[in-house]
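There are two complexes below, and they share chain A, which is joined by chain B in the first and by chain C in the second.
Up next is the complex of A and B:
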(Lines of atoms letter the chains of each structure in order from A and count residues from 1; the text may use other names and numbers.)
(Lines give C-alpha, C1' and ligand atoms only; values in the text may rest on other atoms or scores of the structure.)
Protein backbone atom coordinates (compact mmCIF):
# COMPACT_ATOMS: atom_id res chain seq x y z
CA UNK A 1 0.00 0.00 0.00
CA UNK A 2 2.73 2.44 1.00
CA UNK A 3 4.64 1.64 -2.20
CA UNK A 4 1.58 2.46 -4.32
CA UNK A 5 1.22 5.79 -2.51
CA UNK A 6 4.91 6.48 -3.04
CA UNK A 7 4.57 5.84 -6.77
CA UNK A 8 1.52 8.13 -6.89
CA UNK A 9 3.48 10.85 -5.08
CA UNK A 10 6.42 10.56 -7.47
CA UNK A 11 4.14 10.65 -10.51
CA UNK A 12 2.24 13.67 -9.18
CA UNK A 13 5.37 15.67 -8.48
CA UNK A 14 6.95 14.76 -11.81
CA UNK A 15 3.75 15.68 -13.66
CA UNK A 16 3.65 19.00 -11.79
CA UNK A 17 7.26 19.81 -12.64
CA UNK A 18 6.72 18.78 -16.26
CA UNK A 19 3.62 20.96 -16.58
CA UNK A 20 5.44 23.93 -15.10
CA UNK A 21 8.23 23.37 -17.64
CA UNK A 22 5.65 23.22 -20.42
CA UNK A 23 4.20 26.49 -19.16
CA UNK A 24 7.65 28.10 -19.22
CA UNK A 25 8.22 26.89 -22.81
CA UNK A 26 4.81 28.22 -23.75
CA UNK A 27 5.63 31.65 -22.34
CA UNK A 28 8.86 31.69 -24.33
CA UNK A 29 7.61 30.33 -27.65
CA UNK A 30 4.04 31.56 -28.14
CA UNK A 31 3.61 34.71 -30.25
CA UNK A 32 1.51 37.23 -28.29
CA UNK A 33 0.31 38.19 -24.82
CA UNK A 34 -2.95 36.27 -24.96
CA UNK A 35 -1.55 32.92 -25.98
CA UNK A 36 1.32 33.25 -23.51
CA UNK A 37 -1.16 34.07 -20.80
CA UNK A 38 -3.19 31.05 -21.81
CA UNK A 39 -0.15 28.79 -21.44
CA UNK A 40 1.01 30.32 -18.19
CA UNK A 41 -2.27 30.47 -16.36
CA UNK A 42 -3.47 27.00 -17.34
CA UNK A 43 -0.43 24.78 -17.32
CA UNK A 44 1.27 26.42 -14.36
CA UNK A 45 -1.92 26.22 -12.29
CA UNK A 46 -2.32 22.52 -12.85
CA UNK A 47 1.41 21.97 -12.35
CA UNK A 48 1.53 23.78 -9.03
CA UNK A 49 -1.65 22.03 -7.92
CA UNK A 50 -0.24 18.59 -8.59
CA UNK A 51 3.05 19.44 -6.87
CA UNK A 52 1.09 20.61 -3.82
CA UNK A 53 -1.08 17.48 -3.90
CA UNK A 54 2.05 15.32 -4.07
CA UNK A 55 3.55 17.18 -1.12
CA UNK A 56 0.34 16.78 0.85
CA UNK A 57 0.22 13.04 0.15
CA UNK A 58 3.89 12.68 1.08
CA UNK A 59 3.47 14.26 4.48
CA UNK A 60 0.21 12.39 5.07
CA UNK A 61 1.51 8.96 4.09
CA UNK A 62 5.09 9.12 5.38
CA UNK A 63 4.77 11.30 8.47
CA UNK A 64 1.09 10.93 9.28
CA UNK A 65 0.74 14.69 9.29
CA UNK A 66 -2.45 16.13 7.80
CA UNK A 67 -1.43 19.54 6.52
CA UNK A 68 -4.65 21.40 5.82
CA UNK A 69 -2.75 24.47 4.64
CA UNK A 70 -1.71 22.59 1.50
CA UNK A 71 -5.36 21.76 0.75
CA UNK A 72 -6.25 25.41 1.27
CA UNK A 73 -3.36 26.38 -1.00
CA UNK A 74 -4.63 24.06 -3.74
CA UNK A 75 -8.13 25.54 -3.49
CA UNK A 76 -6.74 29.07 -3.38
CA UNK A 77 -4.53 28.65 -6.44
CA UNK A 78 -7.33 26.92 -8.32
CA UNK A 79 -9.60 29.90 -7.66
CA UNK A 80 -7.22 32.81 -8.08
CA UNK A 81 -4.73 31.91 -10.80
CA UNK A 82 -7.25 31.81 -13.70
CA UNK A 83 -8.74 35.07 -12.46
CA UNK A 84 -5.29 36.63 -12.48
CA UNK A 85 -4.84 35.42 -16.05
CA UNK A 86 -8.21 36.84 -17.01
CA UNK A 87 -7.39 40.23 -15.50
CA UNK A 88 -3.99 40.40 -17.19
CA UNK A 89 -5.52 39.49 -20.55
CA UNK A 90 -8.30 42.01 -20.16
CA UNK A 91 -5.91 44.76 -19.13
CA UNK A 92 -3.78 43.96 -22.18
CA UNK A 93 -6.81 44.03 -24.48
CA UNK A 94 -8.10 47.28 -23.05
CA UNK A 95 -4.64 48.81 -23.41
CA UNK A 96 -4.73 47.94 -27.10
CA UNK A 97 -2.09 45.22 -27.26
CA UNK A 98 -2.44 43.70 -30.74
CA UNK A 99 -3.14 40.06 -31.40
CA UNK A 100 -0.56 37.91 -33.17
CA UNK A 101 -0.31 38.08 -36.95
CA UNK A 102 -1.69 34.60 -37.41
CA UNK A 103 -4.94 35.23 -35.54
CA UNK A 104 -8.01 35.57 -37.74
CA UNK A 105 -10.89 36.30 -35.39
CA UNK A 106 -11.55 38.97 -32.77
CA UNK A 107 -15.11 38.63 -31.55
CA UNK A 108 -14.71 41.11 -28.74
CA UNK A 109 -13.89 43.92 -31.14
CA UNK A 110 -17.00 43.38 -33.24
CA UNK A 111 -19.07 43.08 -30.09
CA UNK A 112 -17.79 46.40 -28.84
CA UNK A 113 -18.98 47.92 -32.11
CA UNK A 114 -16.02 50.21 -32.57
CA UNK A 115 -14.81 48.62 -35.80
CA UNK A 116 -16.65 46.05 -37.86
CA UNK A 117 -13.89 44.24 -39.67
CA UNK A 118 -11.57 41.91 -37.83
CA UNK A 119 -7.82 42.09 -37.43
CA UNK A 120 -7.50 45.73 -38.35
CA UNK A 121 -4.96 46.62 -35.71
CA UNK A 122 -2.02 45.14 -37.52
CA UNK A 123 -1.34 46.94 -40.79
CA UNK B 1 -15.32 52.05 -22.02
CA UNK B 2 -17.01 51.14 -18.78
CA UNK B 3 -15.37 48.07 -17.36
CA UNK B 4 -17.19 45.33 -15.56
CA UNK B 5 -15.36 43.84 -12.60
CA UNK B 6 -17.80 41.09 -11.71
CA UNK B 7 -15.30 38.22 -11.91
CA UNK B 8 -12.76 39.99 -9.71
CA UNK B 9 -15.42 41.05 -7.21
CA UNK B 10 -16.97 37.60 -6.93
CA UNK B 11 -13.63 35.87 -6.47
CA UNK B 12 -12.66 38.53 -3.93
CA UNK B 13 -15.79 37.81 -1.92
CA UNK B 14 -14.92 34.11 -1.79
CA UNK B 15 -11.16 34.28 -1.24
CA UNK B 16 -11.33 37.06 1.33
CA UNK B 17 -12.55 34.65 3.98
CA UNK B 18 -9.75 32.19 3.25
CA UNK B 19 -7.16 34.96 3.59
CA UNK B 20 -8.65 36.33 6.81
CA UNK B 21 -8.89 32.84 8.32
CA UNK B 22 -5.33 32.08 7.33
CA UNK B 23 -4.09 35.32 8.87
CA UNK B 24 -5.90 34.52 12.13
CA UNK B 25 -4.38 31.06 12.03
CA UNK B 26 -0.92 32.57 11.53
CA UNK B 27 -1.53 34.96 14.40
CA UNK B 28 -2.51 32.27 16.88
CA UNK B 29 0.04 29.74 15.66
CA UNK B 30 2.87 32.19 16.33
CA UNK B 31 3.89 30.71 19.66
CA UNK B 32 4.56 27.16 18.50
CA UNK B 33 4.90 27.40 14.72
CA UNK B 34 6.10 30.01 12.21
CA UNK B 35 3.80 33.00 12.24
CA UNK B 36 2.89 35.65 14.73
CA UNK B 37 1.52 39.14 14.95
CA UNK B 38 3.61 40.67 12.18
CA UNK B 39 2.80 38.18 9.42
CA UNK B 40 -0.80 37.87 10.54
CA UNK B 41 -1.22 41.63 10.49
CA UNK B 42 0.38 41.93 7.08
CA UNK B 43 -1.89 39.25 5.69
CA UNK B 44 -5.00 40.85 7.18
CA UNK B 45 -4.06 44.16 5.62
CA UNK B 46 -3.41 42.26 2.39
CA UNK B 47 -7.00 41.05 2.50
CA UNK B 48 -8.23 44.61 3.01
CA UNK B 49 -6.03 45.74 0.11
CA UNK B 50 -7.66 43.08 -2.04
CA UNK B 51 -11.03 44.56 -1.09
CA UNK B 52 -9.70 47.99 -2.02
CA UNK B 53 -8.59 46.66 -5.41
CA UNK B 54 -11.89 44.99 -6.20
CA UNK B 55 -14.18 47.70 -4.88
CA UNK B 56 -13.51 51.39 -4.46
CA UNK B 57 -12.35 53.19 -1.37
CA UNK B 58 -15.74 54.55 -0.37
CA UNK B 59 -17.31 51.09 -0.36
CA UNK B 60 -14.53 49.67 1.77
CA UNK B 61 -14.84 52.57 4.21
CA UNK B 62 -18.53 51.66 4.42
CA UNK B 63 -17.81 47.99 5.09
CA UNK B 64 -15.03 48.63 7.60
CA UNK B 65 -15.66 51.98 9.28
CA UNK B 66 -12.30 52.00 11.04
CA UNK B 67 -9.92 54.90 11.47
CA UNK B 68 -6.60 53.07 11.19
CA UNK B 69 -4.69 55.76 13.08
CA UNK B 70 -6.69 54.91 16.20
CA UNK B 71 -5.86 51.28 15.50
CA UNK B 72 -2.13 52.09 15.73
CA UNK B 73 -2.70 53.85 19.04
CA UNK B 74 -4.72 50.92 20.40
CA UNK B 75 -2.01 48.48 19.40
CA UNK B 76 0.71 50.52 21.07
CA UNK B 77 -1.49 50.76 24.18
CA UNK B 78 -1.82 46.96 24.19
CA UNK B 79 1.94 46.53 23.98
CA UNK B 80 2.73 49.07 26.68
CA UNK B 81 -0.13 47.79 28.83
CA UNK B 82 1.09 44.19 28.83
CA UNK B 83 4.57 45.47 29.63
CA UNK B 84 3.37 47.70 32.44
CA UNK B 85 1.02 45.04 33.81
CA UNK B 86 4.05 43.11 35.01
CA UNK B 87 4.98 46.06 37.25
CA UNK B 88 1.78 45.50 39.24
CA UNK B 89 3.00 42.05 40.26
CA UNK B 90 6.39 43.32 41.37
CA UNK B 91 8.13 41.89 38.31
CA UNK B 92 10.38 43.70 35.82
CA UNK B 93 8.87 45.49 32.83
CA UNK B 94 7.70 43.14 30.02
CA UNK B 95 7.76 40.04 32.21
CA UNK B 96 5.24 37.62 30.77
CA UNK B 97 3.30 34.90 32.51
CA UNK B 98 1.21 31.97 31.38
CA UNK B 99 -1.34 29.73 32.95
CA UNK B 100 -3.21 26.60 31.95
CA UNK B 101 -6.87 27.46 32.17
CA UNK B 102 -9.91 25.25 31.77
CA UNK B 103 -12.21 27.11 29.45
CA UNK B 104 -15.81 25.91 29.11
CA UNK B 105 -15.72 25.16 25.36
CA UNK B 106 -12.05 24.83 24.50
CA UNK B 107 -10.92 22.59 27.36
CA UNK B 108 -7.42 22.93 28.70
CA UNK B 109 -5.84 25.97 27.10
CA UNK B 110 -2.58 27.63 27.98
CA UNK B 111 -3.11 31.36 28.03
CA UNK B 112 -0.01 33.49 27.71
CA UNK B 113 0.21 37.26 28.10
CA UNK B 114 2.56 37.34 25.11
CA UNK B 115 -0.57 36.86 22.98
CA UNK B 116 -1.79 40.25 24.19
CA UNK B 117 1.54 41.79 23.23
CA UNK B 118 1.20 40.08 19.86
CA UNK B 119 -2.29 41.54 19.52
CA UNK B 120 -0.67 44.94 19.90
CA UNK B 121 1.83 44.11 17.15
CA UNK B 122 -1.01 42.86 14.95
CA UNK B 123 -3.06 46.04 15.38
CA UNK B 124 -0.07 48.30 14.78
CA UNK B 125 0.94 46.44 11.62
CA UNK B 126 -2.59 46.50 10.19
CA UNK B 127 -2.97 50.16 11.13
CA UNK B 128 0.35 51.31 9.69
CA UNK B 129 -0.05 49.36 6.45
CA UNK B 130 -3.59 50.55 5.85
CA UNK B 131 -2.73 54.13 6.77
CA UNK B 132 0.13 54.15 4.27
CA UNK B 133 -1.92 52.57 1.49
CA UNK B 134 -5.01 54.71 2.02
CA UNK B 135 -2.97 57.90 2.25
CA UNK B 136 -1.26 57.12 -1.03
CA UNK B 137 -4.49 55.85 -2.58
CA UNK B 138 -6.80 58.79 -1.98
CA UNK B 139 -4.52 61.23 -3.75
CA UNK B 140 -7.13 63.54 -5.25
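Up next is the complex of A and C:
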Protein backbone atom coordinates (compact mmCIF):
# COMPACT_ATOMS: atom_id res chain seq x y z
CA UNK A 1 0.00 0.00 0.00
CA UNK A 2 2.79 2.42 0.91
CA UNK A 3 4.55 1.63 -2.36
CA UNK A 4 1.45 2.58 -4.36
CA UNK A 5 1.20 5.85 -2.48
CA UNK A 6 4.88 6.52 -3.15
CA UNK A 7 4.35 5.94 -6.86
CA UNK A 8 1.38 8.33 -6.80
CA UNK A 9 3.53 10.94 -5.02
CA UNK A 10 6.33 10.55 -7.59
CA UNK A 11 3.92 10.86 -10.52
CA UNK A 12 2.25 13.95 -9.05
CA UNK A 13 5.58 15.70 -8.41
CA UNK A 14 6.91 14.87 -11.88
CA UNK A 15 3.70 16.10 -13.54
CA UNK A 16 3.92 19.33 -11.55
CA UNK A 17 7.55 19.98 -12.48
CA UNK A 18 6.87 19.19 -16.14
CA UNK A 19 3.89 21.56 -16.25
CA UNK A 20 5.94 24.36 -14.68
CA UNK A 21 8.62 23.82 -17.33
CA UNK A 22 5.99 23.89 -20.10
CA UNK A 23 4.57 27.12 -18.68
CA UNK A 24 8.03 28.71 -18.72
CA UNK A 25 8.60 27.67 -22.35
CA UNK A 26 5.22 29.14 -23.22
CA UNK A 27 6.13 32.41 -21.52
CA UNK A 28 9.39 32.54 -23.48
CA UNK A 29 8.10 31.58 -26.90
CA UNK A 30 4.56 32.95 -27.31
CA UNK A 31 4.22 36.21 -29.26
CA UNK A 32 2.30 38.72 -27.11
CA UNK A 33 1.36 39.41 -23.51
CA UNK A 34 -2.11 37.84 -23.66
CA UNK A 35 -0.90 34.45 -24.88
CA UNK A 36 1.96 34.57 -22.38
CA UNK A 37 -0.54 35.28 -19.63
CA UNK A 38 -2.63 32.36 -20.88
CA UNK A 39 0.36 30.01 -20.58
CA UNK A 40 1.59 31.30 -17.23
CA UNK A 41 -1.68 31.52 -15.36
CA UNK A 42 -3.03 28.09 -16.35
CA UNK A 43 -0.10 25.70 -16.65
CA UNK A 44 1.86 27.07 -13.70
CA UNK A 45 -1.24 26.95 -11.49
CA UNK A 46 -2.00 23.32 -12.29
CA UNK A 47 1.67 22.36 -11.92
CA UNK A 48 2.03 23.96 -8.51
CA UNK A 49 -1.27 22.47 -7.33
CA UNK A 50 -0.02 19.04 -8.38
CA UNK A 51 3.29 19.50 -6.53
CA UNK A 52 1.46 20.66 -3.41
CA UNK A 53 -0.89 17.67 -3.57
CA UNK A 54 2.14 15.36 -3.82
CA UNK A 55 3.72 17.07 -0.82
CA UNK A 56 0.51 16.73 1.17
CA UNK A 57 0.32 13.01 0.34
CA UNK A 58 3.98 12.60 1.33
CA UNK A 59 3.52 14.14 4.76
CA UNK A 60 0.25 12.26 5.28
CA UNK A 61 1.55 8.84 4.23
CA UNK A 62 5.16 8.86 5.41
CA UNK A 63 4.88 10.76 8.66
CA UNK A 64 1.18 10.51 9.52
CA UNK A 65 0.93 14.27 9.65
CA UNK A 66 -2.25 15.81 8.25
CA UNK A 67 -1.24 19.30 7.20
CA UNK A 68 -4.26 21.51 6.66
CA UNK A 69 -2.12 24.48 5.57
CA UNK A 70 -1.19 22.64 2.37
CA UNK A 71 -4.88 22.09 1.60
CA UNK A 72 -5.50 25.78 2.27
CA UNK A 73 -2.58 26.67 -0.01
CA UNK A 74 -3.96 24.50 -2.83
CA UNK A 75 -7.42 26.08 -2.53
CA UNK A 76 -5.99 29.59 -2.29
CA UNK A 77 -3.77 29.22 -5.36
CA UNK A 78 -6.66 27.64 -7.28
CA UNK A 79 -8.87 30.62 -6.46
CA UNK A 80 -6.48 33.54 -6.79
CA UNK A 81 -4.10 32.75 -9.64
CA UNK A 82 -6.71 32.95 -12.48
CA UNK A 83 -8.10 36.13 -10.90
CA UNK A 84 -4.63 37.68 -10.91
CA UNK A 85 -4.17 36.62 -14.54
CA UNK A 86 -7.49 38.18 -15.52
CA UNK A 87 -6.66 41.44 -13.73
CA UNK A 88 -3.25 41.85 -15.31
CA UNK A 89 -4.57 40.97 -18.76
CA UNK A 90 -7.36 43.54 -18.45
CA UNK A 91 -4.87 46.14 -17.21
CA UNK A 92 -2.66 45.37 -20.21
CA UNK A 93 -5.58 45.80 -22.63
CA UNK A 94 -6.67 49.08 -21.05
CA UNK A 95 -3.08 50.34 -21.02
CA UNK A 96 -3.00 49.86 -24.79
CA UNK A 97 -0.65 46.91 -25.20
CA UNK A 98 -1.17 45.72 -28.80
CA UNK A 99 -2.06 42.18 -29.81
CA UNK A 100 0.37 40.06 -31.81
CA UNK A 101 0.60 40.56 -35.56
CA UNK A 102 -0.78 37.10 -36.29
CA UNK A 103 -4.01 37.61 -34.32
CA UNK A 104 -7.09 38.09 -36.48
CA UNK A 105 -9.98 39.05 -34.21
CA UNK A 106 -10.48 41.63 -31.47
CA UNK A 107 -14.06 41.48 -30.24
CA UNK A 108 -13.47 43.75 -27.26
CA UNK A 109 -12.20 46.54 -29.51
CA UNK A 110 -15.28 46.46 -31.75
CA UNK A 111 -17.53 46.34 -28.68
CA UNK A 112 -15.81 49.34 -27.11
CA UNK A 113 -15.88 51.17 -30.44
CA UNK A 114 -19.66 50.71 -30.77
CA UNK A 115 -20.14 51.90 -27.18
CA UNK A 116 -18.07 55.01 -27.87
CA UNK A 117 -20.09 55.77 -30.99
CA UNK A 118 -23.37 55.37 -29.07
CA UNK A 119 -22.10 57.70 -26.35
CA UNK A 120 -21.08 60.24 -28.95
CA UNK A 121 -24.48 60.15 -30.61
CA UNK A 122 -26.35 60.85 -27.38
CA UNK A 123 -25.75 64.61 -26.82
CA UNK B 1 14.14 6.96 -5.12
CA UNK B 2 11.92 9.79 -3.95
CA UNK B 3 14.86 12.08 -3.24
CA UNK B 4 16.23 11.62 -6.77
CA UNK B 5 12.80 12.44 -8.21
CA UNK B 6 12.52 15.51 -5.99
CA UNK B 7 15.94 16.72 -7.09
CA UNK B 8 15.04 16.24 -10.77
CA UNK B 9 11.84 18.22 -10.18
CA UNK B 10 13.81 20.98 -8.45
CA UNK B 11 16.09 21.14 -11.50
CA UNK B 12 13.08 21.42 -13.84
CA UNK B 13 11.51 24.20 -11.75
CA UNK B 14 14.86 26.01 -11.58
CA UNK B 15 15.13 25.95 -15.38
CA UNK B 16 11.55 27.27 -15.55
CA UNK B 17 12.41 30.12 -13.19
CA UNK B 18 15.48 31.01 -15.26
CA UNK B 19 13.23 31.22 -18.35
CA UNK B 20 10.81 33.46 -16.47
CA UNK B 21 13.68 35.70 -15.34
CA UNK B 22 14.68 36.00 -19.01
CA UNK B 23 11.15 37.25 -19.71
CA UNK B 24 11.35 39.67 -16.77
CA UNK B 25 14.58 41.17 -18.13
CA UNK B 26 13.70 41.23 -21.81
CA UNK B 27 9.90 41.65 -21.76
CA UNK B 28 8.90 44.45 -24.12
CA UNK B 29 6.07 45.81 -21.98
CA UNK B 30 5.38 46.21 -18.26
CA UNK B 31 2.54 43.59 -18.14
CA UNK B 32 4.96 40.98 -19.52
CA UNK B 33 7.22 41.55 -16.55
CA UNK B 34 4.32 41.40 -14.09
CA UNK B 35 3.06 38.12 -15.57
CA UNK B 36 6.55 36.62 -15.31
CA UNK B 37 7.03 37.83 -11.73
CA UNK B 38 3.66 36.36 -10.71
CA UNK B 39 4.65 33.03 -12.25
CA UNK B 40 8.00 33.19 -10.40
CA UNK B 41 6.13 33.64 -7.13
CA UNK B 42 3.91 30.66 -7.93
CA UNK B 43 6.96 28.54 -8.79
CA UNK B 44 8.64 29.55 -5.54
CA UNK B 45 5.75 27.87 -3.70
CA UNK B 46 6.58 24.59 -5.47
CA UNK B 47 10.28 24.99 -4.63
CA UNK B 48 9.45 25.40 -0.93
CA UNK B 49 7.21 22.31 -0.96
CA UNK B 50 9.93 20.20 -2.62
CA UNK B 51 12.66 21.45 -0.26
CA UNK B 52 10.49 20.61 2.73
CA UNK B 53 10.15 17.06 1.33
CA UNK B 54 13.93 16.92 0.89
CA UNK B 55 14.64 18.10 4.45
CA UNK B 56 11.81 15.91 5.90
CA UNK B 57 10.43 18.79 7.93
CA UNK B 58 7.03 20.44 8.08
CA UNK B 59 8.26 23.72 9.50
CA UNK B 60 8.19 25.58 6.19
CA UNK B 61 4.63 24.85 5.13
CA UNK B 62 3.24 28.13 6.46
CA UNK B 63 5.52 29.93 4.03
CA UNK B 64 3.57 28.38 1.12
CA UNK B 65 0.37 30.12 2.13
CA UNK B 66 2.26 33.34 2.88
CA UNK B 67 3.95 33.51 -0.53
CA UNK B 68 0.67 32.72 -2.29
CA UNK B 69 -1.07 35.60 -0.53
CA UNK B 70 1.81 38.02 -1.12
CA UNK B 71 2.05 37.18 -4.85
CA UNK B 72 -1.70 37.73 -5.29
CA UNK B 73 -1.71 41.06 -3.44
CA UNK B 74 1.34 42.27 -5.36
CA UNK B 75 -0.17 41.40 -8.74
CA UNK B 76 -3.49 43.04 -7.88
CA UNK B 77 -1.69 46.21 -6.75
CA UNK B 78 0.44 46.35 -9.90
CA UNK B 79 -2.51 45.84 -12.24
CA UNK B 80 -4.55 48.48 -10.44
CA UNK B 81 -1.64 50.89 -10.74
CA UNK B 82 -1.38 50.19 -14.47
CA UNK B 83 -5.10 50.64 -15.04
CA UNK B 84 -5.93 53.67 -12.88
CA UNK B 85 -2.62 55.30 -11.98
CA UNK B 86 -3.25 54.98 -8.24
CA UNK B 87 -3.41 51.94 -5.99
CA UNK B 88 -5.51 53.34 -3.14
CA UNK B 89 -8.00 55.90 -4.34
CA UNK B 90 -8.94 59.02 -2.43
CA UNK B 91 -12.40 59.55 -1.08
CA UNK B 92 -14.28 62.00 -3.26
CA UNK B 93 -16.72 63.33 -0.68
CA UNK B 94 -14.13 65.43 1.16
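Here, the second predicted complex is superposed on the first by the 113 of 123 C-alpha atoms of A that agree within 3 Å, B and C clash if a C-alpha of one lies under 4 Å from a C-alpha of the other, contacts with A are read in each partner's own complex, and residues count from 1 in each chain.
The criterion applied here is as follows: a contact is a pair of C-beta atoms (placed from the backbone, for glycine too) under 8 Å apart; a residue touches a chain by one contact, two chains touch by 3 or more.
Computed from a prediction, not measured in an experiment: that's the story for all the values here.
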Superposed partners chain B and chain C on chain A - clash or fit: fit
First, second, both or neither for A:59, with chain B first and chain C second: second
Winner by number of chain A residues touched, once chain B and chain C are compared: C
First (chain B), second (chain C), both or neither touched by A:92: second
First (chain B), second (chain C), both or neither touched by A:46: neither
First, second, both or neither for A:76, with chain B first and chain C second: both
Which of chain B and chain C A:23 touches, first, second, both or neither: second
Least Cα gap, in Å, left between chain B and chain C after the two complexes are fitted on chain A: 5
Shared contact residues on chain A - chain B and chain C: 69, 72, 76, 80, 83, 87, 90, 94
For the chain A and chain B complex, residues of the former touching the latter: 69, 72, 75-76, 79-80, 83, 86-87, 90, 94, 112
Complex contact set, residues of chain C against chain A: 1-2, 5-6, 8-10, 12-13, 15-20, 22-23, 29-32, 34-36, 38-39, 42-43, 45-46, 49-50, 52-53, 56, 58, 61-62, 64-65, 68-69, 71-72, 75-76, 78-80, 82-83
Residue ranges of chain B touching chain A (in the complex, touch as defined): 1, 3, 7-8, 11, 14-15, 18, 22
Complex contacts: residues of chain A adjacent to chain C: 6, 9-10, 13-14, 16-18, 20-21, 23-25, 27-28, 33, 36-37, 40-41, 44-45, 47-48, 51-52, 54-55, 58-59, 63, 65, 67, 69-70, 72-73, 76-77, 80-81, 83-85, 87-92, 94-95, 97
